[in-house]
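Labels run A, B, C, D, E and F following the written order; every chain starts at residue 1.
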Amino acid sequence: MNVIPPPAERVRLAHLDAETYREWVASGRATAIIPAGAFEQHGPHLPLGTDAILSTTIAEAVGRRTGAKVAEPLAYGYKSQQKSGGGNHLPGTISLDAAALVTITRCLVRDFLSQGMQHLVILNGHYENYQFLYEGVDLALADLGLDSDSDRCVLLLSYWDFVSEQTLGTVYPDGFPGWDIEHGGVLETSLMLHLRPELVDMGRAVSHPPAELPRFDRLPVVPGRTPATGCLSAPDGSDAAKGELLFDQVVADLSEEISAELGLFALPVKEVLTTP
Amino acid sequence: MNVIPPPAERVRLAHLDAETYREWVASGRATAIIPAGAFEQHGPHLPLGTDAILSTTIAEAVGRRTGAKVAEPLAYGYKSQQKSGGGNHLPGTISLDAAALVTITRCLVRDFLSQGMQHLVILNGHYENYQFLYEGVDLALADLGLDSDSDRCVLLLSYWDFVSEQTLGTVYPDGFPGWDIEHGGVLETSLMLHLRPELVDMGRAVSHPPAELPRFDRLPVVPGRTPATGCLSAPDGSDAAKGELLFDQVVADLSEEISAELGLFALPVKEVLTTP
Amino acid sequence: MNVIPPPAERVRLAHLDAETYREWVASGRATAIIPAGAFEQHGPHLPLGTDAILSTTIAEAVGRRTGAKVAEPLAYGYKSQQKSGGGNHLPGTISLDAAALVTITRCLVRDFLSQGMQHLVILNGHYENYQFLYEGVDLALADLGLDSDSDRCVLLLSYWDFVSEQTLGTVYPDGFPGWDIEHGGVLETSLMLHLRPELVDMGRAVSHPPAELPRFDRLPVVPGRTPATGCLSAPDGSDAAKGELLFDQVVADLSEEISAELGLFALPVKEVLTTP
Amino acid sequence: MNVIPPPAERVRLAHLDAETYREWVASGRATAIIPAGAFEQHGPHLPLGTDAILSTTIAEAVGRRTGAKVAEPLAYGYKSQQKSGGGNHLPGTISLDAAALVTITRCLVRDFLSQGMQHLVILNGHYENYQFLYEGVDLALADLGLDSDSDRCVLLLSYWDFVSEQTLGTVYPDGFPGWDIEHGGVLETSLMLHLRPELVDMGRAVSHPPAELPRFDRLPVVPGRTPATGCLSAPDGSDAAKGELLFDQVVADLSEEISAELGLFALPVKEVLTTP
Amino acid sequence: MNVIPPPAERVRLAHLDAETYREWVASGRATAIIPAGAFEQHGPHLPLGTDAILSTTIAEAVGRRTGAKVAEPLAYGYKSQQKSGGGNHLPGTISLDAAALVTITRCLVRDFLSQGMQHLVILNGHYENYQFLYEGVDLALADLGLDSDSDRCVLLLSYWDFVSEQTLGTVYPDGFPGWDIEHGGVLETSLMLHLRPELVDMGRAVSHPPAELPRFDRLPVVPGRTPATGCLSAPDGSDAAKGELLFDQVVADLSEEISAELGLFALPVKEVLTTP
Amino acid sequence: MNVIPPPAERVRLAHLDAETYREWVASGRATAIIPAGAFEQHGPHLPLGTDAILSTTIAEAVGRRTGAKVAEPLAYGYKSQQKSGGGNHLPGTISLDAAALVTITRCLVRDFLSQGMQHLVILNGHYENYQFLYEGVDLALADLGLDSDSDRCVLLLSYWDFVSEQTLGTVYPDGFPGWDIEHGGVLETSLMLHLRPELVDMGRAVSHPPAELPRFDRLPVVPGRTPATGCLSAPDGSDAAKGELLFDQVVADLSEEISAELGLFALPVKEVLTTP
């Protein structure tokens, strides 16, 4: 059984008490990572919470390496779009309007920064969220009157943008099909097999060619354009080893780039804490 | 180590795959519970995530007894108010504006019900949330055009309203001080000691008389009116046994009343599944 | 016939001319009370405007004792909820969405305070309003950049929270049933019989046991759970003497506590002005 | 002292009980008038509430003649503009943002019409309100899905548009200066002298030439362009007789045109009820 | 063929490059004119874009005379109202809700002024827009914290308010019917015949008496009250000479008044640049 | 000089009269294209209006080939982001908040479709707009209650997604740097040199290496990360021939794909009308 670390070493902000939180923020170096996900169908073999599970798990690992802590994730995201997520009409997809996601983000950024948090990192795991998270951050900074002279800031990123060319080559030996149709595909499936295998049922995975979608979005969607599985590419060839490679490389690069940008101290990989 | 149940028996919706979700909803009897919490200081001995931890844990137990499943919690809530939570100015409290909480709730209710979910239960664990959750539900029902003739519906409740008089007598042998100042006090502390003892540090708990607050809200708040701990009453006398009593009684009553209202099948307590 | 007092002694702000208003505000001690009510069914014996009539009348009496003046009331309130007002589906209930009530409150607080008003008191007479009034105040203070160091402030309260234990004992000799079901009951009926008897028709009042409502809100409401009268408890035993007792005690306590909080000068009861 | 009429004959909706309201609406002919005003400086001789006082008093008179009833007035209005009200910067002017006024109007129209009210009349007494009232009505009708085939409808009007040419000639023997600068001038002052003389202090009235304002709005306003009194034209020559003439003619024409449009029964002037 | 002027002499801001823009703004005297129009039916003889075409063309001419430059027009406007535009139900009318027009205006004013633009002029060509443009300006100034002490400002105007009495006498020799029913009538038709004759088809113009509309707005509209052409008065007697007279007089007066207000240098008419 | 086509053959909707518009829509086959752009710095050699100029010109050409007509463009867009447009802090960039762009789009889609327009195409020319246009379309379809069974629909696309691999090879002989840094680069510059050479000043163009930006967005932006020109890649090698190739290929493919999707009749390239 895990030994529970003392509050100051816990990686989830929600597990800190108020006093520890206050002391930590008072250091002037505090960084919080807000994972963003979605509640979205990911085919018959992956759980509905995949996006938030992945962004939260990556955020925790980055937090352990960099000294950042992880705020509670945004477990619901913007509407699934057919060209990146199969479409919002599919059962199991419960989404937010743009206004909701923008406003939540605005409130969180405003409150964290106005309480003395030095930096925020919003770590996105659902393609469709990005622009709305951006708007929320932008409005919060205007509320706070922060401009470029400030050394307080927010970083916004999607974790797959940190997958290296080399990793891509290994994970997709037959050529990378593009992030746009990586929904329920090899990346997400392999990561889940590495991180939460009990929530993946490869026996239900279905092989099919990648979705071929037009270069426009049509609304209302033509449901038949999404493969019957709800995945835009099949998880063929996914395995935990690929997941581990993806996870380790992304966490390492993310930790390094965030640390360099924000002046944090990134630990060498092997010294990282492993408790919750 | 726990044996992972097959998807259809999992209690968290986010752990289901889309196919299982679809089949479950198609039964025409599907009920989802959305726990609502907050990210709010709870004194030096309880974690910031207390409200969401409690509402989610209670929701899961109710789900296991009734066949309902638990959606991802609302981990951020409405602003802490001095008379019920100490005030939104306290470090560690990160809150949503009313508009944000109303809109999230509206989107979730709308999407769940329009996908065929028969019933929703919003299980609140943060006093200040209630009216904004209510408004979100009301707007969603108007969006959907649902009226009293429908057999689809939403229940909204706060879990402490299900604590019985008898339980109160046991938990507060010297008299119940009122829910309004039960913030970081005996109820929440005892429940956490029962459910998540590793996140409670009774060594940091501070004894002090209950807060005496005026009968009005003053804004901006006068910070000195909140006890220095941030708790409105001290956790003196909290213990895991009281937590267990509270938890078991509330879960039992909640399960029974929800089941009776919605026509669900509540299991006898001892047969309840115990896996995630 | 009443003698009309000169402008400076009038209690309703709307009856002042702009010059008198300007001079009064320039004193640096000006306090305005905004009564909040609703347009809501109150059974067959009370008028639809009961909530605003009561909060406005109480505000005027408090104003006469404290030197505060009374702004025009919010005559429409948040939706009637089944557990506190019978439900918004009942004929005669015309309500505002949360966003409307929040925004009005925000505008009024912002404008009054930015014009030099020193204090505002929002005196609520409709249970369901409270949280939305609170949010409006909070947003306005953020707009103005006012924080705890300011000696300008807003008090928010519901008048029934100032009914004393002793008064309750007299008004409800058989035990107080709780504010939650005091809708169209003894408190409101007695106050109206004292203050506006011409608008009460006790001949239409109906006796029935108190409503027994579940511990959750169900939406859409089940109409049959609200007693046929629309009242949550019957007005049996209401009379003008109880109304006078309630009124005098609440006005005295309110005046005293507000004055103490804001440094106003509360007049002894008997010296109070009695003109409009 | 006035004899209080029985509920069904009262002209203020807020004075009806729910049962009487329900019966009245069930007639299928019910019409409610919502007066709209403002809380706005009107110079040193008129009270801040002038606009709402006038629109409400006119509405009540029209109600008595036509069988319509009067809902509680909108006592706060859109921002005072320099070219029609002197400007929102003047002390004593407390205003709503557009969004607030639009949303209130939308809620009221929606609720009244969805409860079976056949017609609504919004009777405006503050120039700046008009377009925002219009938008609120338009949005409410879209919410309800009402179109031109419906025989339920809303009329929106400003009362001064019903002043006849002949009346104008009598009230302004030296020529009518235009509605745009009729703020605190002869029309409003005369009406108030007729209707609420105790609230007018002609001893404080100041004579000055009409405001000469540019053909554009400049924002922020140049305060010096508004006459020092806050009136855009002086009340010279105002008297109660002119007020009576204006009032009687406007009420008669309004009653007639509304009745003709809505199929109501307008009483001959002399038979009109005179009680509250 | 026109010689294209160098960037600094172009009148359309959208035709400047960023460097020229920056230098121009840095002068501390930069004024931008934002034309506002609509996409609205204007009868069978005028194009749908008439309002934006007219306001943009007038803005360009004013810009050439005053040194101001013209921002891209607001090509869509607030809903057409029956009493000023025939009604929003008519084919060819595509409109914005109030919130949309207010928000666009707020954003543009905020961004232009926060980038160092000294003055903005919003030149309106669609009657229904005015109040929503005003609200957008007012909110933007509040966002920026600009008050009357600032020498940065916004002018808002409708171009027809600058038609002189003398011009009116020439254009309407039989008497001016009022701006309210000048929709698709002599003013707009003559201006278009002067400025964009290729877009006018007088062969399709229909003669009919002016619309006679009630003094109230009725919603939903009674379609039959709008003349079948969609015009509120017929274009009888329109010609390019009247258009030229109107255009030259309005442009001259607008240029002079704006220049005097803002301290710009208005060129004598004949020296004005004529290239795009 | 161009011969003006009769109304029915004009490509801009704003140039049609209401009668022609009505007849065209009544055909049941009407398609409108709404170009979306921005008002954004594009370096020292391109005009601020580049995005709207390009999307509008492409839309007109597509309209001439397909029989669709072009609505007035959205001339202002969402905020420029550093990684795709250099950043919103740069002079000459005037932007809309997300809410503004979403709401405009929602209104236009709602009005066009509710008037009988069969199809809408939103043709985007500003990278940052896409998600907000999407949300506007989605909300409008929900307002209208349109679902997948309808044969009325909206297509949303960005024109650069229709540049073929072959064209890319010719335009970027040294390798395509990616759309993300195509801001003020070879694509936009070549298109403008082909379509509006009088608005391009290649003498001011500056050669510099492509921007190297981090994989995250940092807000507030670090201004020094954007090249001094404001372009993310230099326009080296741009010429009108490349612009012609890009334009012709994109217009041809867009016309073909839209026509196939919507069942329109695409004309062979050489028969296309060339008048405004």
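Keep this in mind: contacts are C-beta pairs under 8 Å (C-beta built on N, C-alpha and C of every residue); 3 or more make two chains touch, one makes a residue touch a chain.
Because the structure is a prediction, the values reported are computed rather than measured.
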For chain A placed onto chain D, the superposition rotation in degrees, Cα atoms, nearest 5: 180
Separation of mean Cα positions, chain B and chain A [Å, integer]: 26
Between chain B and chain F, centroid-to-centroid distance (C-alpha), Å: 48
Rounded Å distance, chain C centre to chain F centre (Cα mean): 56
Residues of chain D engaged with two or more neighbouring chains: 97, 99
Category of the chain touch graph - line, ring, star, complete, other: ring
Touching residues (chain side chain E, partner chain D) in the complex: 78-79, 81, 88-89, 97-99, 102, 121, 128, 130-132, 134-135, 137-139, 141, 146-148, 150, 153-157, 161-162, 214-223, 257-258, 261
Touch list for chain D against partner chain C, complex: 4, 7, 12-19, 21-22, 25, 39, 41-49, 52-53, 71-73, 75-76, 90-97, 99-100, 103-104, 106-108, 111-112, 115-116, 198-199, 201, 204, 230
